[in-house]
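Okay, so here's the structure we're looking at.
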Amino acid sequence: MDLVLLIEQLLNGLQFGVMLFLMAAGLTLIFGVMGLINLAHGSLYMVGAFAAAAVASATGSFTLALIASLAAAAIAGVIVEMVVIRRLYDRDHLDQVLATFALILIFSEGTRWVFGSFPLYLDVPSALSGAVDLPFGISYPAYRLAIIGIGFVVAFGLFLLITRTRIGMRIRAGESDREMIAALGVNIAVLYTAVFALGAALAGFAGALVGAIQSVQVGMGEPVLILAFVTIVIGGIGSIRGAFVGALLVGLTDTMGRVLLPVLFGAFMNPSAATSIGSALASMSIYILMAAILLFKPTGLYGSA
Amino acid sequence: DGLKVGMITTLSGGGAGLGIDVRDGFMLAVKQSGRSDIELVVEDDQRKPDVAVQLADKLVQSEKVDVLTGIIWSNLAMAVVPSVTAQGKFYLSPNAGPSALAGKGCHPNYFNVSWQNDAFNEAAGAWATENGVEKVFLLAPNYPAGKDMIAGFKRFYDGEVSNEVYTKLGQTDYAAEIAQIRADDADMLYYFLPGGMGISFMKQYAGSGADKPVMGPAFSFDQGILGAIGEAALGVKNTSHWSKDLDVPGNAEFVASFTEEFGRLPSLYAAQGFDTGLLLASAMEKADVSDADAFRAALKEADFQSVRGDFKFAPNHHPIHTIYMREVVKEGDVVTNKVIGVAAEDHTDAYGVDCKM
Amino acid sequence: MSLLRLEHVSAFYGPSQALFDVSLRLDQGEVVALMGRNGMGKTTTIKVICRMLKHRGGAVMLDGQDMARWPSYRAARAGLGLVPEGRRCFPNLSVRENLIASARPGDWTLRRVFDFFPRLGERAGQMAVSLSGGEQQMLAIGRALMTNPRILILDEATEGLAPVIRNEIWAAIGQLKRDTGLSILVVDKSLKELSRVADRGVILERGRSVWGGGFDRLDAEKRDRYLGV
Amino acid sequence: MRRETLINTVLTLGLLAVPLAAWAMDEPYTITLATKVVILALAGVGLNLALGLGGLVSLGHAMFFGIGGYAAGILASHAQSYDPIMEWPFLIEGTQSMPVIWLLAIVVSALVALATGALSLRTSGVYFIMITLAFGQMFYYFTISWPAYGGEDGLSIYVRDRFPGLNTLDPMHFFGLCFALLMLGLFIVARISRSGFGLALNAARQNEARVRAVGIEPYRLRLIAFVISGAITGLAGALYADLNRFVSPVMFSWQTSGEIMIFVILGGVARLFGPVAGAALFIILEEVLGGVSDYWHIYLGALLLIVVLFARGGLIGLLAGRNGGGGHD
Amino acid sequence: MTESLLDIRGISKSFGALKASDDVSLDLKQGEIHALIGPNGAGKSTLIAQIAGSLRPDSGEVWLEGRNVTHHDTVARANAGLGRTFQISSLAMEDTVLQNAVLGALGARHRVPGVWRPVMRDSDLRATAIEALREVGLEEFAHFRTADLSHGQRRQLEVAVALTLRPHVFLMDEPMAGLGAEGSAILVEFLRNLKSRAPILLVEHDMDAVFQLADRISVLVYGRIIATGSPDEIRANREVREAYLGEEDEE
């Protein structure tokens, strides 16, 4: 494999990582910071994508579609938080698992009911379609470069929000002792609704952004959910920085594993067995990565006990 | 008298579109046959093999159906078909044709009305050979159906295979594979990526600036999916036994009546469901299901006008039919398929030789 | 009108009743000591006042307003500053963050708290979880002060503090009372210190307020019966 | 009698009565359903030991369920094709004898639990959830792409395996067998949770430092619990393979782990009969709602939500009141 | 001369720039109560943690009954006879008071608990547990859920659990904290009797209790021991008075 291709694959890995971060950002916020296991995160991602697809097909504007994805997911988030999640903060994690699992069922079938059983159309805006030329003769899709940019901005913004603002402190305080932070005068209920809505909006936003280059369909959220969990666990729960680093690691491992493992096995095996074993191993690579990292750092890269 | 059909298909979750089309096509055929003695029980398998098995038990043991049909996915078919045919029931496959059931595992009561999994791919391989494609890049998910599809293509393809890449099942990002494809010197890309995987791939491929021509089996370019890919799919060639513009008797009427009844264009799966319904009705004209041998013989005759044209059963009860080459085009605002030629005439599958029945 | 007033309050933890009949009042600028042996309901009374536990019978009033339906953040915003039993610092926040997370404007600022507890200033960037027990106690007091309360509620606030610091805190309480007119409700086991700083005391016995009044009227018999000294 | 004991008795009797009635009315499918409940409940009973008592939220129990299933599937398929599993270094032949299959399922699951548990238990909390998930996913992708036993297509056992003295093809006989194993599983778990081991394990869930300070190593307790738990779930997997006469990688998927966990939570975590109640309710709902509409998952979701929101401690918690978990005095 | 049951030799521990233990040596002899006092943040709990094994010293050794246990973990040290109470109550909150005590008794058996015999019916364990609860005055609360106890009651339970371990050495970190006057008085009496069973290393800020109980007192300031001696010597030590006791107010 030549160097240019290798560089391009590294870039792909990075890009995939940033995309993962976008998907995981809302989850880190809700899960890491509010301590809530939200399996329905993938559903909010789906809601965003569907809202964007619907608005894009009605208006033809990608910008409006993005706004719609933010709004729809945030509204869904507020409703879900006020009706369901709010009653679960002081419960066992397991109750949260069951409740949000139920939410997945409702969201998935509800979406299918509204939008039908077939995937929807959502395309990248024409301004960002096609590829741009980078040095070394690499040409790279413009839209993916945009995703990288947006991912960095979101990461930085969230990092500041959580670590540097008073709101961030209150959220973190509430995570360890809700009763106490309320007794000090913080309206934690409103704060949490807002955070949940923000997390949901981020999920929806990611759904719309990523949906433009993937399939907008019912069930699109579940694989993302698992990936997002893997990402934030590798980075250490509650750490935006960890989520970001974790996402890049996962993106690089997955991409380079897919590319290199079959080649590697091909060196000492017949080609068809090599591709088969190589790609089987590649599909496990991120799980192997996660297991390995947790064995050496049981609370993830940036997590605290 | 009369007959009870059990349909196990996927009606909820991600893959529901296919099941719903099969069901609707089938019901349309039954309705048009004018028979009131067909009783239909529909069950949702949720795309889970274990659920499918249990539903099969239910339909056979409690509902006491005579005929089963409906399954979309190969792995579910593998789970259900052997046991129901062993219990003396008939199974008509409206989709999915795993090789095991066409060869060694064939059964007199199992009729495949759709295709053997390899068919479209074999036809595509033949077409590529004939049209002077010298080098292809092959891409499929890493699971049995994916490997079968690629093997099917290679069986009828004489040119060179530059690379064979297997991706993770359910993968959604293909940047790495696309980079490999772009750097490759093949003349053509052939891929099989069903459902959402295909949509994601095609959108990303089109946006990457890659320019190799693309070909694949119809599954990745069916009507329901084209709607989601949009113009990114224009120009893609794909093999299919059916197309809505296919000029054979009955097809235009089918397309019109399906559209009228359900408010959407029929898909490949709807056509297969429809054919399955027609086959069943045709057999009922000739024999009563209580006489299994006669009924089997009647099915075997396949005396119905398939919407894909000529249709016969090979000895292993899999179709002998023509596979066409289609191209994705834009008709007005709609991205859809157009037949551009024949890829394989009167095609039969390669596994029948192993079938002893 | 009393600033804070409890009348015949009863309260439950699930099915079990913890308070049966508690009455007490706290006037502007007053320091009241809440006393009783272990498990008699002092902390429960404080939880009721801070709305961390809803009472069932009786009334809880602040400035004459009925607090029955208030959520706890509202009680805090109305001027209740709590130093809870067991400190309950936010372990995953640094000392500084603990202090400013719930701060409200007023005389007490970060600077003033750090002057008051220099040790906290030295540890400003450290996560609360790794503070020593006494440092956590200081942090809990500082945190309550940062909300600039009208009523400071101290539940065993000197527990685990070195005698020097403890003396400082008692001195500070006395000073707060003199200089700022802050009203203080205090639970502590040191009767000696309480009697020195508090204007009045209230004794709880099995969830009932059984005695109230000035310390000069707290005779040996009552001390022995209710407080075990 | 304590309220919970009463509920447990009613559940047990109900679980017995339904298939008997179905048998009398010649409704074999209902017996199949009841068998499914029993088997999945057994899987849940296994998980509940780790989850409820030990606080080990394993999202990898599908691993054991799948191993049990494949133990049955592989042994049976070799027996059916008269093709030994291996000839060297010693001959291992396939078998269709349930006791042998069960033994293998239990042993292999336990060994895998020992290995994965030894690694996973270095972590805790959500990290533990995810690392167990990771191990499960590794098995899942391995079985999908491993062609020898069917890959994603799975593996059929054409004729149900045999048990001496019973006709396992008769749904009622097979039900009886599974039911007996469930009862045995429940008995074992009940004993364990009342034992010193159970007390210490349960305490370690609540406060690890406390258990260390009395001189007991929580890691060891948890590892033992995880192994027993995996073995029970593995056994359930073997039974499930025989119920369907079919195994597939879906048994290894994270959704399967999730479902087993849902049964436990729905019924009541750390309640002995929690998984039984949970599995029964879930499967009844699935069965009843399945016909209502194409969008029946919405109703299922809504009902599950109602249960979580209004029944603290799951179904058994709702019926029996809050105290009484844990299984001690 | 009585031999030392617990012997700490030159322990040092830093957190970044902070020296939490700075070459600390002290010992504990049969039958004595050795009190460790010092300002907040002086490093007392850190020292206890290093003795108990939950924190590794940077350097130095811990000897227990003539055995070097520096490299043993918490569990091994507990089994070697070290009984500990925590500064912040550390109990199985959902279990009953009795179950917590039984857990201690179970740990005292030094083996992995059996998986089969019902533990709460084990009369030996029960007897040990109830005896310990009786000694701290919690017998009537035996069937309470631990979470339903008041703060002070939990402190008592903490001590009871340590008792069930029948340790050879007690480490107690502020056992009086949270106890009312009456509770403190009872506990003082109790510890006075307890020391004949096993010596106690006591960290406590309640000076009344310390001066009543301690045979020896060590004062820790900024991670260093600045003085060791009898209660009277310590009370008279000016350095200690400035750093810790404050200006003694006359009664």
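Order of writing sets the chain letters: A, B, C, D and E. Residues in each chain are counted from 1.
Throughout what follows, a contact is a pair of C-beta atoms (placed from the backbone, for glycine too) under 8 Å apart; a residue touches a chain by one contact, two chains touch by 3 or more.
The shown structure was predicted, so the numbers you read here are calculated from the model rather than taken from an experiment.
A.B. asks: Need the most distant chain from chain D, centre defined as the mean of C-alpha atoms.
C.D. replies: Of all chains, C has its centre farthest from that of chain D.
A.B. asks: Can you give the whole-Å distance between the Cα centres of chain B and chain E?
C.D. replies: 74
A.B. asks: So the centre of each chain is just the mean of its C-alpha atoms; given that, what is the distance between chain A and chain E in Å?
C.D. replies: Result: the chain centres lie 48 Å from each other.
A.B. asks: Counting only Cα atoms for the centres, state how far chain C is from chain D in Å.
C.D. replies: 51
A.B. asks: Please report how many Å separate the Cα centroid of chain B from that of chain D, as a whole number.
C.D. replies: Spacing between the chain centres: roughly 36 Å.
A.B. asks: In chain B, which residues are in touch with two or more of the other chains?
C.D. replies: In chain B, the residues touching two or more other chains are 12-13, 16, 20, 142, 147, 166, 168-169.
A.B. asks: Between which chains does touch occur?
C.D. replies: Per the contact definition above, the touching pairs are A-B, A-C, A-D, B-D, C-E, D-E.
A.B. asks: Under the stated contact criterion, what part of chain D meets chain E in this complex?
C.D. replies: 191-192, 194-200, 202-203, 206-207, 209-217, 220-221, 224, 228, 325-326, 328-329
A.B. asks: Residue numbers of chain B touching chain D in their complex, please.
C.D. replies: Per the touch definition, chain B meets chain D at residues 11-13, 16, 20, 43-44, 48-50, 53-54, 57-58, 61-62, 74-75, 78-79, 82-83, 86, 98, 100, 142-145, 147, 166, 168-169.
A.B. asks: Which residues of chain A touch chain C in the complex?
C.D. replies: 166, 169-170, 172-173, 175-177, 179-189, 238, 304
A.B. asks: Using the touch definition up top, name the residues of chain D that touch chain B in the complex.
C.D. replies: Per the stated touch rule, the residues are 27-30, 32-33, 36, 141, 144-145, 147, 150-154, 156, 158, 240, 243-246, 248, 250-251, 290, 294-297.
A.B. asks: Show me the residue ranges of chain A that touch chain D in the complex, using the header's touch definition.
C.D. replies: 31, 37, 84, 87-88, 91-95, 97-99, 101-106, 108-110, 112-113, 226, 229-230, 233, 237, 276, 279-280, 283-284, 287-288, 290-291, 294-295, 298-300, 303
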